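Labels run A, B and C following the written order; every chain starts at residue 1.
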Amino acid sequence: MSNLAQLFFDAASLGGLYAMAALGIALIFGVMKLVNFAHGEYIAFCVFALIVPSTDAVAVMFLGKAPALILIPVILGLGAAIAVASEYVVFRHLRKADPVAMMIASFALGFVIRNALLATYGGRPKAVSLWPGLNTPVDIAGASVPLLQLIVILSTLLVVTGLALLLKKSRIGLEMRAAAENFTMARLLGVRANRVITGAFALSGALAAAVALIMVTQTGVADVRMGGQIMLVAFIATVLGGLGSLPGAVAAGFLVGIVSVVLQAWLPLEARPFRDAFLYTLVIVCLLVRPQGLFVPASAKPRV
Amino acid sequence: MSKLGVFDIAVRYGKVPAVNDLTLHVDEGERVFVSGPNGAGKSSLLKAISGAAATSHGRIELDGDLLTGRPPEAIARLGISMVPEGRDIFGSLTVEENLRVGTGLRRDAEAVEEDIAEIYANFPILGERRAAAAGALSGGQQQMLAIGRALMTNPKLIMVDEPSLGLAPKIVDQVYDTLCTLQEDRGLTLLIVEQSSLRAARVGGRMVLMRGGRIVGEGNAADMVDRDALAAAYFGQSPEKTETAT
Amino acid sequence: MRSQHATNRLASYSTPLILAVLLVGLVVLVAVFGDRSLARTAAETLVRVTLVVSLWIFVGNSGVISFGHAGYMAIGAYCSAWLTLKPQSKALFLPDLPEWLMQAQWHVLPAAIAGGLLAAFIALLSGAAILRLSGIAASIATFAFLAIVNTVYSNWEGVTGATSSVVGLPRYVDHWVALGWAVAAIVAANVYANSASGLALRATREDEVAARASGINMYRHRLLSLVISGFFTGVSGALLGHSIGVLNPDSFYLGITFISLAMLVIGGIGSLSGAVVGVLLLSVLIELLVRAEQGISINETQLALPSGSQEILIGIAMIVVLIVRPNGLTAGKEFKLKPQWLRQSRLVGAKSTN
């Protein structure tokens, strides 16, 4: 029983993390049909913003020293800033290009950010201890759950409901949803393209920053590669959820997290290193059955 | 000075010209029908005016303000609204949300609410289904919603592209009744693409005939139903020629 | 008199000839005037030509971006290593290989071909699944495929050596061997592009929906191009392994995916000539940047670019090309003999026989 509870908390917190990352990808895809390969690098950028630039193995806290109340908004703002900046510098000039060109450009941009980080911080993963107290276990329903897991689950719920409210109730949210469905029509009704796109990038970047904070607290490591892996999962979740569908991205993010945790628990020991291979193969099989995504009505035509 | 002035514009898609040397003036409060065969460039003309398609030559003005080169959202802010072909309703948004998308440019919050109430009064079915997904509406209801949505930007000029497309004749009557009433109430200027010149004649107004990206005939819609003028547009003779021939 | 159509066709077959002459010319120059390090650079560049041309066979014709080709490369490279390594070193580093593979000691050429065939087979399997998706979704799935291959090869200790490198591969790939394969890939790419399947596939590139509506079985053509592309990509992997002598799963991951896509995009995805031009241009740029990172002395002051600036500058170059010249430097055009010339020469030939 306690094992099951443990599994539940693991799945919920990992799923939440994936859902947040997937939302970041889906938001931008929805508004401008861009598959943003730089998203993982936004995450890595936010992680490294916590520490002093140096190539030493042990990280010295920089922004990470600030108290949480200041740190969290600053990092979220930083994530939003780099995303908005990348839109301004790169993607704005590709508005009329086809989605494939934008996708390749984002891949190149991600590579640039990644190598800039490598050049500044070196390639070795660094130990970072941000809020170590949060890893103290708490007993719930017979399972010993690190406080952080609870916080992750709660903050995911918070972020997802917050975003849902924002999209549903605010002016910019309405404009984003309209733009995601038919950008030209929205503009014909006076919706400002730049405002909507900048808004989407800012939200997406802030989500990347939230993911970064959670990952760094959980793993205690700053590694340039950490963004890439979660970005891949997020991509998969957005495709599984139906490209462009925000609720689909959240649901698929949770699903991938759950399957991933279950595989980790049930796979025989010698097969565990291959967990991701099993996971991605499962995903490809899923897509074979439902190419338009799991959470999209079968009648809907693929949007890309 | 005319309300809308289109001066010698050209629109091309790649190397294919869609509109050529087209000049058109629309006066305030006027109702103008654009008619002509498929591929005549009617929709391209509306797209050029709304900013959805770029012009490669010429200029377009509204009340003397230059529209050419401005993005669609800026043109919408100057007072042009569009009911596109196929309606382009936001299917995943609710009916009321569809109406509110176009209110972002307005600063008169009370008037916005009054306008919404008025649209619901004019189209009770939209009021009943205000919280339903717009994609679930019937074709006729969607056309009404598209017209209501276009009104919400508080425009001076509304352009309607093929309002009768895919609708039953009875519904089309209703759509035109509504458009005409709205025009009278609000002093709107209307520019309507309508394939059926009979329909245009019945509704009344000025009619412009297009063919091959150019205007080939112009006059009172009722007079234009005259067979010769139509034949000219559809079969390729210019109206002057037919006149001299007869 | 030859018809217009036939002359045009002949002209399109002149593309691989021009490209091959260009490459042969470069290699001869290097062989005559170059030193050893230049010869190595030439070999590396030609392996990249093989890779990028293989990538083009799929991407250039289908318009679907693949992030998964580094995976096919890894498959070809490791397959060739299994077949050519000495049994003693296999017993030491790769103890879990099946017995027949353990004892295998193939000649390098059939081993490279076997690597290509295995990669082609995996391309068939993976493509059968991935290519059912539409464009962008398929691209993401190819990325997942790359991750699958990387996960497997980085963890399958007894068969791939996992993250510890496989060493001791016979280093037989010099600039001549690489030239042979590069030319073979170029010819195959041209033949495929001008085949019925290649032409049909390129018709789908602009508009999937319209092509589908006109009855083109896009799925089958995409799969065929991926299999051919997979074969040569696998071979290019084998060549890479046998030119540096060391294999590591991470040398077939994001770095090479990025650089091969950058070459393709900068040269121009739309044409085979673009693929080759992109490789040559970027290889020169990389070489210059690597030297600049090592440092240049001017008037006793040591100037050096910080390390990593190579990747950063290439990334920026790629973005700039995408913005300024979205169709790449060649803008989708091929190098080819002008049809008029072909007709002219034909006329001259006809006269002389009279």
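The rule we apply is simple: a contact is a pair of C-beta atoms (placed from the backbone, for glycine too) under 8 Å apart; a residue touches a chain by one contact, two chains touch by 3 or more.
Keep in mind that what you see is a predicted model, and the values were worked out from it rather than measured.
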Key: Most distant chain from chain B, judged by the mean position of its C-alpha atoms   = C
Most centrally placed chain, judged by C-alpha centres = A
Task = Skim through the chains and flag the pair connected by the most C-beta pairs in contact.
result = A-C
Remark   = Chain centres from averaged Cα atoms put chain A and chain B apart, in whole Å, by 43
Intercentroid distance (Cα basis), chain C paired with chain A, Å = 32
Key: Distance from the mean Cα position of chain C to that of chain B, given in whole angstrom   = 52
Touching two or more other chains - residue numbers and ranges from chain A = none
Query = Which residues, counting only chain C, touch chain A once they are in their complex?
reply = 63, 65, 67, 126, 129-130, 132-137, 139-141, 143-145, 147-148, 151-152, 155-156, 254, 258, 261-262, 265, 306-309, 311-312, 315-316, 318-319, 322-323, 326
Inquiry  = Applying the document's contact rule, which stretches of chain A touch chain B when the two form their complex?
reply    = 171, 174-175, 177-178, 181-182, 184-193
Note = Listed in rising order, chain A residues that touch chain C in their complex are 33, 35, 90, 93-94, 97, 99-101, 103-105, 107-109, 111-112, 115-116, 118-119, 228, 232, 235-236, 238-239, 243, 273-274, 276-277, 280-281, 283-285, 287-288, 291, 302, 304
Residues of chain B that touch chain A when the two form their complex = 50-52, 71-73, 76-77, 81-82, 84, 88, 90-93, 97, 100-102, 104-105, 149-150, 152-153
